[in-house]
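Here come two complexes built around chain A, the first alongside chain B, the second alongside chain C.
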Partner chain A sequence: MTLKIVKPGLATSIQDLGRPGYFHLGIPMGGAMDRLALRAANLLVGNDEGAACLEAAFLGPEVEFTAPATIAITGATMPVKIDGAEHPGWTAIAVKAGQVLSFGYLKAGARIYIAVSGGIATPPALGSRSTYPIGALGGVEGRAVQAGDELPVGAADGAQAGRSIAPDLRRAVSRPAELRVLPGLYVHRITDEARARFFGEEWKVAPEADRMGVRFRGGSQMDFVPRTPPFGAGSDPSNIVDGCYSYGSIQVPSGTEPIVLHRDAVSGGGYFTIGAVISADMDLIGQLQPHTPVHFVPVTMATALAARAERRAVLNRIREALG
Partner chain B sequence: MTTRYTFGGDEHVYVEIDEEMSLDAFFVSLSMSNAVRAAKIEGVTEICPANASFQVRFDPDVIAPDAMLSRIKALEAEAEQAEKRLTTRIVEIPVHYQDPWTHETLMRFRERHQDPSGSDLDYAARINGYDDAAGFIAAHHSAPWFVSMVGFVSGLPFLYQLVAREKQLEVPKYLRPRTDTPKQTVGHGGCFACIYSVRGAGGYQMFGITPMPIYDPEQKVSYLKDFMVFFKPGDIVKWKPVTRAEHDRIAAEVAAGTYAPRIAEVEFDLDAWNADIAGTNAKLMEALDDA
Partner chain C sequence: MTEIPSPLPGTFYQKPAPDQPPFKATGDAVAADDTIGLVEVMKTFIEVKAEVTGSFAGYIAEDAAPVQAGDPLAKVK
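What follows is the complex of A and B.
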């Protein structure tokens, strides 16, 4: 069985849970920006949680099925249509051979995950099918999907349709959205006042938001603590001797627009970082639309770990409900 | 050197060996990251050495962040006392300086450059006190370079030249990054050289191009069949200037699967190098004569 891509949407790529282990060579883990949504979609159709799905940003693709299958769409709120008839999201749906999946306009969130029973079975690269276009790894020949692609699907063992995930287990994006940050890394480069402003002001997601990172605008220019540039760092006050970047780390080139690195992060560079978004809020970043107002909230490590445990509890409840 | 420890969110420990770049800081960062790898600490998922720092990624569900930090800190004293000695390899990388491809690109992005009137090499030569590009190019390839970090994107090496600090070549990055850089461009930013492993955005000044691929996700290139990334931190590089004709000949050999990079195993001892830079460099480069 294959998935025929009739229309690709805007930015649709094959993703799974990624390829950790190669960041020291500049190859990021990649994988779904909203990992919980990908896991949930797979669980709904009876797949392993980490099976490869389609991740589509902002605009849904049009997909034809060459054989009967069970599918599920999770993540962003976007009307799901099969041969034009609307179906619910976060629910396992039976499709027949020759039927076409399409989508209405995005209502909330940013990225949907389309799981198909059996999982997408394109060839893995470095242990993952996730698409990393910069390094031409995974996906279809290392790229996003295009019209005319026929994606192979693995063997499925008869997943039942109709099961769904309760609304209280789906994470909604609040307005303004809150991203919790553990301050650290090179936060000492900016003044206390600049730091207070960063956490006090409202930022907006800029249109330059992709799998590598999300840029924010709307806050004040940051003031730096004066220094003599260390040898090798570069003359700009925001420069450091090129070092590693953490996933979720917030760099602010020249102190103007913060960029939060995401799953396809560059592994290092020469800009200072003021801390990192906590792991529990990384999925949420994948659901931010451009222009969404955002507050960055400073938290302690204890809070970060408690939030991580909360997210894990939600995942466990989904597993139990569908187990 | 003052080592600084900090967390990058709840999944990373970041260790800055020194604020400024030096071979001493690089050696400590490399030996500490090797020590973390050797310690096989449960929960560690990535160990990434950088120029004068390194980062460890871990799963906080397996090891608590404070415990992770203590385990890494405990390795510091040992790593600082470790001999700054490395068994590594020297690789000759052919470079066609002032090539037509980076020239076309730098002309396309001239308005983003500090000095739109000349080329990146003219500018680099001038601000580093050389009479012309030829003098700068000679300084660029006459002493070897250390691969002090691999990263940014797929397999891209950062290189630090094995010369005294006052002889380091330093250039700023473009005022605004380019949206395009030819694959295999030899670039320079701050005191670091790099080779762009893939085509894409970039902010480093562009000096030339190598016909030798250093990243191949399809693993078709003969010397990348075992692994798709060529470089690792600790490799030593000697640039070899080549003409357009030599460039084209090597590119054809790469395509035919017959090109073998010149590589020799060498010992590098930082104390010996500090005591006699020119002599140590000469010996390193001589190793290539037999390769």
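What follows is the complex of A and C.
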């Protein structure tokens, strides 16, 4: 069985839960930007939670199935069509050999996940099938899918069609969206007033946001606390002596536009980081459309951990409902 | 009158480059394969095809305007 890519959409790539363990060598974790949506899609079709799926941003691909399968589409709200007939998202759907999956216009969110029973079976690289184009790792020859690609799919009976995930277990993007932030290592580099403005003002997602990072515009230029640059930091006040970046960390080059580092981000560099978006809100970033208004909300470590537990509880409810 | 929708969210441009005229002017003939504008997202400029034929009746979305998927960009008679 293969998935034939008729139309690729925009930067549609094979993703699983990524390849943690190589960040210290500069190889990012990669994997789905909305991890809960990928897990949910896999559970719906009877796969292991971390099986490889297609991740498509903003524009759905067109895909033909060469054999019967069970599929599920989760994540963003985008009309799902099989041979032109509309089907619900977040639901297991039976497809026949020769049928074609396509999509209508994106209605909400940003990224869809397409799971197929058996999982996409391209060769893993460093323990993951996730596509990391800059490093030419994973996916199809390390790149996004193209028209004409035939993606191998593992053998599976496929779960029963019709099962779905209750709407209250799907996370909607509020407007403005709220991203909770744990202030971090270098927040002392900006003035108290600049910090108050960062958390008080409305920012907007810039259109160049991608899998490496999501940039924001619309807030004020940040004022830095004067200093004598330490050896090796360079003269820009936003520079530091090179340090590690975490998943979710927010760097602000020259104090102008914050960038939240996401799954395919670099592992270190010389910009100060104001803090990190908490892990519970990273999936949400994967669902932000360009120009979405966003507020950054400072939280404590206790709140961040409680939010992580809350997200885990949602995942457990999905597991139980489909178990 | 047919409206040409944006296939995806991003920033809409009526022109191929800032110093060039818009892709179409009112009254121009439109073929299905003609580009009527660009949508910028993820560091990529995606050409928006008319996908209808007729006579160009004007832009609806302003140049450099934020658009959502399905928003009308231009009109064709």
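Observations, loosely collected:
Here, the second predicted complex is superposed on the first by the 322 of 323 C-alpha atoms of A that agree within 3 Å, B and C clash if a C-alpha of one lies under 4 Å from a C-alpha of the other, contacts with A are read in each partner's own complex, and residues count from 1 in each chain.
Note that a contact is a pair of C-beta atoms (placed from the backbone, for glycine too) under 8 Å apart; a residue touches a chain by one contact, two chains touch by 3 or more.
Quick caveat: nothing in here was measured; it's all calculated off a predicted structure.
By the touch criterion stated above, A:Leu305 is placed in contact with chain B alone, chain C being left untouched.
In the overlay built on the shared chain, the residue A:Glu208 is in contact with chain C alone; chain B does not reach it. Of the two partner chains, chain B is the only one that A:Gly234 touches; chain C does not reach it. When the two structures are aligned on the shared chain, A:Phe65 is found in touch with neither chain B nor chain C.
Between chain B and chain C, B contacts the larger number of chain A residues.
Looking at the shared chain after the overlay, A:Phe272 reaches neither chain B nor chain C. In the overlay built on the shared chain, the residue A:Gly26 is in contact with chain B alone; chain C does not reach it.
The residues of chain A lying in touch with chain B in their complex are 20-21, 23-27, 125, 134-137, 142, 182, 184-185, 230-235, 239-249, 266-270, 273, 275-279, 301, 304-305, 308, 312. Across the complex, chain A is touched by residues 6-12, 14, 16, 18-22, 45-55, 57, 60-61, 65-66, 149-156, 158, 160, 165, 172-173, 189-192, 197-198, 200, 215, 217-218, 229, 232 of chain B. Those residues of chain C that touch chain A in the shared complex are 5, 7-11, 40-44, 46, 66, 68-70. Every residue of chain A that touches chain C in the complex is listed here, in rising order: 10-11, 57-59, 105-107, 110, 207-210, 289-291.
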